[in-house]
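Have a look at these structures, which come just after this line.
Each of the two complexes below includes chain A, the first together with chain B, the second together with chain C.
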Partner chain A sequence: MTHLPLDQQMLDSCAALLLLLSFAMLSQRRVVTLVNLYAVQGAVLAAATLLLAWRTGEGHLYLSAALTLALKVAFLPWLLHRLIRRLEVYWDTEPLLNVSGTMLAGLLIVVFAFALAQPIALLASTATRSAVGIAVSVVLLAFLMMITRRKAMSQVVGFLSMENGVFFGAMSASYGMPMVVELGVALDVLVAVLVLGVFFFQIRERFESLDLHHLESLKEHE
Partner chain B sequence: MITISPTLLTGCVALLCGWVVVGLAGLLRPGSLRFAGRTLFPLGALLGLALALLAGASLLGGGTERLILPVGLPDLPMHLRLDPLSSLFLLLLGASSFGISVFAGGYFRQGEGALPGLLCLQYHLFLASMGAVLLADDAYGFLVAWEVMALSSYFLVTTQHRIPEIRRAGFLYLLMAHVGAICLLLCFGVLQGGSWLFTFDAMRAAHLSPGWAAAAFLLALLGFGAKAGLVPVHVWLPEAHPAAPSPVSALMSGVMLKTAVYGMLRVGLDLLGRPVWWWGLAPLILGLLTIFYGVLFAAVQTDMKRLLAYSSIENIGIVFTGIGLTIVFEGSGLETVAALALLATLYHCLNHSFMKSLLFLGTGSVLHATGERNLGRLGGLIHRMPWVAWLTLIGTLAIAGLPPLNGFVSEWLLLQSFLFADHLPHAFVNLLIPMGMALVVLGAALAGYVMVKFYGVIFLGQPREASLAHAHDCGWLERIGLLWLALGCVALGLFPLQVIRALGAVTGQLIGAAVPQASSHWWLLAPVPGRPVSYGPLVFLTATLAVVFLTVLAVRLTYHQRVRRAPAWDCAFGGLTPRMQDTAEGFGQPIRHLFQSFFEIERELPAPADRTPRYRIAIRERIWRLAYEPLSNAVERLANAAARVQQGRISVYLLYGFVTLIVLLAVALMS
Partner chain C sequence: MRALDWITQVLEVVAALAAAPVFLGWLNQCRAWLQNRRAPSLWLPYRSLHKLFHKEAVIADNASSLFRIAPYVVFGAMVLAAGIIPSMGTRLPLVVAADAIALVGLFAAARVFMSLAAMDVGTAFGTLGARREMMVGFLAEPALLMVIFVASLISSSTALPAITENLASGRIGLSPGLAFSAVAFVLVLLAENARIPVDNPATHLELTMIHEAMVLEYSARHLALMEWAAQLKLFNYVCIGFALFLPWGVARAHIGPVGLLVAIPALAVKLAAAGAGLALIETVSAKMRVMRIPEFLATAFLFAVLGLLVHVLLGA
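Entry: the complex of A and B
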C-alpha cells in the first residue's frame, strides 16, 4: 500500500466528507437541518480550499477559501434561516420519491459520476484529481435533490449545493477557476438567493403556501 | 476609420439613410398629419427620385461598385454591391416610390388607425429596407434587410388594427413571410457550399454538387415565391392588399413583389452560376399556373382591391414564366434567346410596378371619395372624379396589354421568346413549351376582360348609389402622384428601344448576351434577328390618334349634332334605376360558369315570393380546403402533442434537464 502524504490524505477525507454530506442532504426532510448541512458542506469546502492553497502556495486560493467561508458558511445560511423563520417552513412534505429510493438512485449516480470523471482525472495534472469524481457526484446529487423535493426552500438549498460541487470540481481539476470567474459566480449565487427570497414571499402571498405544486395551475390549459 | 469617396453606391446608401432619418423625423410630431403629409412624405419622395437618378446613372454606366460597411455583428460587416441588376431594381424602387410617396402625402387622413408619425416611420423604414435588400452583397445583410422589410410592411398592413379581419390578414401575411424567410435561410445555408462564408462572392465561387444546387434553387423558388405571390403560396396577397391602406398596397404590389423577383434572379442566375436547363421548368410551370389562376379569380372578384391583388398574382405569374424560360434557354446554350426572355421579364417588372401602383392608388382615391370598396356600390365616377378616372384609364389600358402602352411591349417580347422553344435540343419539351404560350395568351385576354370590368363598373355607367353624388376628385398631391405613374406607363410604352438598351447591361451581366437590334430605325423595335417581326409604338400611336380623330370628325360631320333625347324603353317595367346596370357579379358570371371547378362557391338565392330579396355569393379558393386547412390542422395536432411535455411541475422540468445531462454525458463517455 502506497503511503500518501498527510495533506493529500486530509484532502481526500474532505472530499469524502463532501459526498457524505450530499447524501445526508438528500435524505434530510427538515429544512432547518438541511440549511445546517449546507453550512457544514461550505465549511468542509473552505477547509479543502485552504489545504490546497497551503499545499500549492497559490495565493488566490486563500482568497477563495475566505470568500467561501464568508458566503457559504456565514452569510447564506444566516439568510436562509431568517427566511425559514419569517416564512415558517420547517418541514418539507413527503418527497416525490421515498427516501430509500432516492438513496438508491443517488448510488447509481455516484457510480456513473466516477465513470465519467475517470478520463478527466487522467488528463488533469493536479494533486487532487481523484476528487473530480466526487465533485461531479455532488453536482448530480444536488440536482437529484432538486427534482425530488416539493418545497421551494429545499430546492434553493439543492441549487446552492450544486454550486458547491461545481466549485469543488474546478478546484480539484485545475486548482480553481480564475479569480474573476470565481467572484462572478459568488455574486451570482448571492443575487440568486436574494431574488429567490423575494419570490418566496410572492409565491406564498399568491398561493398561501410554498408548495410548488400550486404552480402547476400556471400552466397553459388546452 | 473608412474613407468615404463620393461614388454612386455611397450616394445610394446615403439616400437610404435619408429615408430612415425622414421616418424618424415623423416621431418628432407623431400626431401631426400636416407635418408628416405635407413635409415628410414629399421629402421622402424627392429622396426616391434622387435614388432613381443615381440608379439610372449606374445602369447606363454598367459598372460594379462595392462597399463594406462596418455595421452588424463583430467580424461580420455588411457587404454592399451596386451592379446593373441591383441598379435596375433600385431605379424601379426610386421611380415608383416617388409617385407613391407624393400620393401618400395627400392620402392619409386623421383618425385612420395608427398615428401619422408612426405611419411615416414604418413607411420610410419599409422603403429603406427594400433598398438595402437590393444592395446587400452577403446573406447576413440580405436576410436582415428582408426581415425588416417584412416586419415594417406587416405594421403598415395592420394600420387599422382595430378591425379583426385586418389583424387576421396581417397575421397570414406575417406567417407566409416567415415561411418564405425560413426557405431563404436554408437556401443560403446550402449556397455557402461548405465554406461557411456568407458573402455572395463566396457563394459564386462555391462548387455545389448538382443535387445541392437544385435543392438551393427550389428553396429559393419557394422562399421568393412566397413573397412574390406564386401559386400555391400566394394566399396572403388577396387578404393583405385589401387590408392595407392604398399607398401601402401600391408599394407592396408594385415594388415589394419585385424585390422577390430580384432575389430569384440573383440566386438563380448569378449566385448559382450557370443553371441546369430543367430547373427552369419549375418556375415556368408554376408561373403559367399562376397566370391562369390569378386571372380567373380576378375575374370573379367584387372587391376592387382584391381584384387588383389577384391581378398582381397573374402578373407575377408572367414574370416567373419569363424567369423559367430564361433558365431553360440559358441552360440549353441559347444565350441570345435567353437574353430576350430575361429582357421580357425585367421589362414586365418595370411595367407592372408602374401600372399596378397607379391602379392601387386610383382605387385609394375612389375609396376615400366614396368609402366603398365593393364594386356593386360604385359606378359613373368619371363625371365626379375626372382626374382619377382618366389617369386610371391609362393604367387599365396598360395592364390589359393594349398597345401603344407599356404592358403590351413586355408581353409581346415574352411571346416572341416563347416562339424559340422549338430550337431547344430536348424532345417533348420543345413541343410542350409552345403550348404554355397558349396559356399566356389566354391570361392576357382574360386580363383585358378583367380590366374592362374593373374600369367599366367603377367609372362608367351611372352611379349605383345616391351617396356617390357627393364623391369628390382627389387633391393636388394625389394628382401629381397619379400623373407621374401614368407618365411612366406611357414613356415605357412609347420608347421601348431606349429601355431595352438600358436593360442590356443587366442581360449582359446575367446571361453574357444582349438582345440584338435588327432594325436600323430608332423608332422600330425588332428584337428578333432573322424574323420579320417588329413593333413601332409611335407609329401605332399616330395611327390610332389619326383614326380616332377622323372618326370623331366623321361623326360630327355626318350627324351635325342632331341629337334627340328621349326616355329609354324600360320593358314596361316601371322605371329604370341605376341599380339595374350590369354588375360586377354579372360581368364575371360567364367566367364563373365556365371554370366552375376552380371555385368554391357558396350562393344564397332569394325565394321567388320574397318581398325583400337578397342575393349573396361568396367565392373561396379551393386551395384553402384542399391544402391549407389540413396543413394547419396537422400543425395544431402536433403542437398539442408537444404541449404534453409541458406539465407545469418544476420537478418534471428539472427531470428533463437532469435526464438530458445524463444522456449527453453518457454519450460523451461512450465516444
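Entry: the complex of A and C
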C-alpha cells in the first residue's frame, strides 16, 4: 500500500462524504432536513473543487468553487427554505418505501455505478479519476430518490442533487467543464428551480397538496 | 521473546477479566454524571459479582443440563475471545487458534447458547428475549463481518494482530473506507452489547428488554457468570474497535518489554475515553422501538459496505 499525498487523501474523503450524503438524503423523511443536507452536499462539493483547484492550479476551478458556494450552499437552499415557509410544508414528512429496502437498492446501484465507471476512469488521466464512480453513483442515487418520492419538494431536491453529481463527475474526469458550459448549467438550474417554485404554487392551488400522484390521472373524474 | 509473548497473553486475559467489570462501572458512572444523577460506585459491578457468587443457586425444575452449562460456555467463549484480541501486544500465542472471522463465530456460538438456555425453561420472557437477540444478531453479524473485511483488505490478512500491526505502522493515513467502517462498528457495538438505542441495560421487567429477558431465570453463580460474560463481551468489542481503528500504543512485534509497559497505560487511557464516549452516545440517544432495530442495523450494514466499496474504488 503506497502512501498517497495528503491533498489526494482529502479529495478522496470529500468524494466519500458526497456519497454518504446521497445516502443520507435517500433515507431522510423530512423536507427541511433534506434541504439542509443538500446545502451540506454543496459545501462538500465546493471544498472538493477548491482542493482540486489548489492542487492543479487551474484558475477556472476557483471560479466554479465560488459559484458552487454562492449558488448551492447559499442561494438555492435559502430559496427552498423560503418556499417551504410560504407553502407551509415544514413538517411535511412522506412515507418512504421501506427504508432498509431503499438502502439496499442504493447499494446495488453503487456497485453498478462503480462497474460502469471503471472503463471511464481508465481512460481519464486526471489524479481524481477514481472518483468518477462516486460521481456516477451520486447521479444514480438522486435518480432513485426522485423515483421513490411522491412530494414535489423532495423531487426537486433530488434533481438538484443529481446536478451535483454531474458537476462532480465532470470535475473528476476532466478537471471541470469549460467555464461557458458551467455558467450555462448553473443558470439552467437556477431558472429550473425558480420555475418549479412557481409551479409548486400552481399544483397546490389546483390539488391542495404537493403530492404528485394527483398528476398521474388524466381526467379529474373518471 | 517466547516467554514475553506468553506473559503478554496471560496478562491480556487477566486484564480483561479484571477490567471488564470496572469498565462497565466507569461507563455507568459517566452516564450518571451526564444525566445529573449521583453516580454509583466504580466498584459496584465487582460487589454485585461477589454477592452473586456467594448466593445459593436456584434452578427451575424443568431446566435441562443445557441450562446449567450455558453460563460456562458463554463465559469460556468470552475469555477465549479476550485472548485472541490484541489489546496490549500483537504477538499472542493464542492467535493461531482463530482469526477475526472465527472470532465472529465465537461470539455467535455464545449467542446461540445463551438464546437456547433462555428458551430452555419455557417462560414467555425468556423466549421473547431469545428471539429478539437472534434478530439483532443475524442483522449485526454481516455488518461486523463487512467491517472486518475492510480492515482485512487494507492489511491483506484476516488475523487481528496482523491487521493491528499493519495499521499501527502508520502507513495508511486518512482512509475514508476505514472511517465508514468505524461508524458501522460503533453501531454494531451498541446493538450487540444491548446498549441504549437498541436495548436499555438499566431496566428489568419491561416488555422491550432483550438481554435482561434472557437471563431472568438465572440466579447466583450462574447469573454472575452471565453478567461477567456480558461485561467481557462489551470489553472485547471495545478492544476489537481499538485493534481495528485506534491501534496506537499497542506493543508491536519488534519493540519488546518496553512496549508492554507503554501498552498498559495506553489501553487504560483508551478505555476511559471509550467509556466516556459510549456514555455520551447513550445519553443523547433515546431507546428505539423494537421494530426500528432492523433499520438501525441496516444503516450499520450500509456504512460497512460503503466503506468496502469506497476502499476498493479509491484505494486500489
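To be clear about the criterion, the second predicted complex is superposed on the first by the 212 of 222 C-alpha atoms of A that agree within 3 Å, B and C clash if a C-alpha of one lies under 4 Å from a C-alpha of the other, contacts with A are read in each partner's own complex, and residues count from 1 in each chain.
Throughout what follows, a contact is a pair of C-beta atoms (placed from the backbone, for glycine too) under 8 Å apart; a residue touches a chain by one contact, two chains touch by 3 or more.
Just so it is clear, the structure is predicted and the values come from calculations on it, not from any experiment.
Novice: So, on chain A, is it clash or fit between chain B and chain C?
Specialist: In the superposition, chain B and chain C stay clear of each other.
Novice: Thinking of the overlay built on chain A, is A:Ser100 touched by chain B (first), by chain C (second), by both, or by neither?
Specialist: So A:Ser100 only meets chain C here.
Novice: Angle at the Cα centre of chain A spanned by the Cα centres of chain C and chain B: state it in steps of 10 degrees.
Specialist: That angle rounds to 140 degrees.
Novice: With both complexes overlaid on chain A, does A:Met146 touch chain B (first), chain C (second), both or neither?
Specialist: After superposing on A, A:Met146 lies in contact with chain B but is clear of chain C.
Novice: Who does A:Gly133 touch here: chain B (first), chain C (second), both, or neither?
Specialist: In the superposed model, A:Gly133 contacts chain C only, not chain B.
Novice: For A:Leu123, is the partner it touches chain B (first), chain C (second), both, or none of the two (neither)?
Specialist: neither
Novice: Per the contact definition in the header, classify A:Phe114: touching chain B only (first), chain C only (second), both, or neither.
Specialist: second
Novice: In the overlay, answer first, second, both or neither for which of chain B and chain C A:Phe23 touches.
Specialist: second
Novice: Considering only the touch criterion stated at the top, classify A:Ala15 as touching first (chain B), second (chain C), both, or neither.
Specialist: second
Novice: After superposing the two complexes on chain A, what is the shortest C-alpha distance between chain B and chain C, in Å?
Specialist: 17
Novice: Can you tell me which positions in chain C touch chain A when the two form their complex?
Specialist: Touch list, chain C to chain A: 154, 171-177, 179-180, 294-295, 298-299, 302, 305-306, 309-310, 312-316.
Novice: Would you tell me which residues of chain A are touching chain C in their complex?
Specialist: By the definition above, chain A touches chain C via 1, 3-4, 6, 9-10, 12-13, 15-17, 19-20, 23, 27, 99-100, 103-104, 106-107, 110-111, 114, 130-131, 133-134.
Novice: Inside the complex, what are the residues of chain A that reach chain B?
Specialist: 96, 112, 115-116, 119, 140, 143-144, 146-150, 155, 212-213, 215-220, 222
Novice: Flag every residue of chain B that touches chain A in the complex, lowest number first.
Specialist: Per the touch definition, chain B meets chain A at residues 640, 643, 646-651, 654-655, 657-658, 661-662, 665-666, 668-669.
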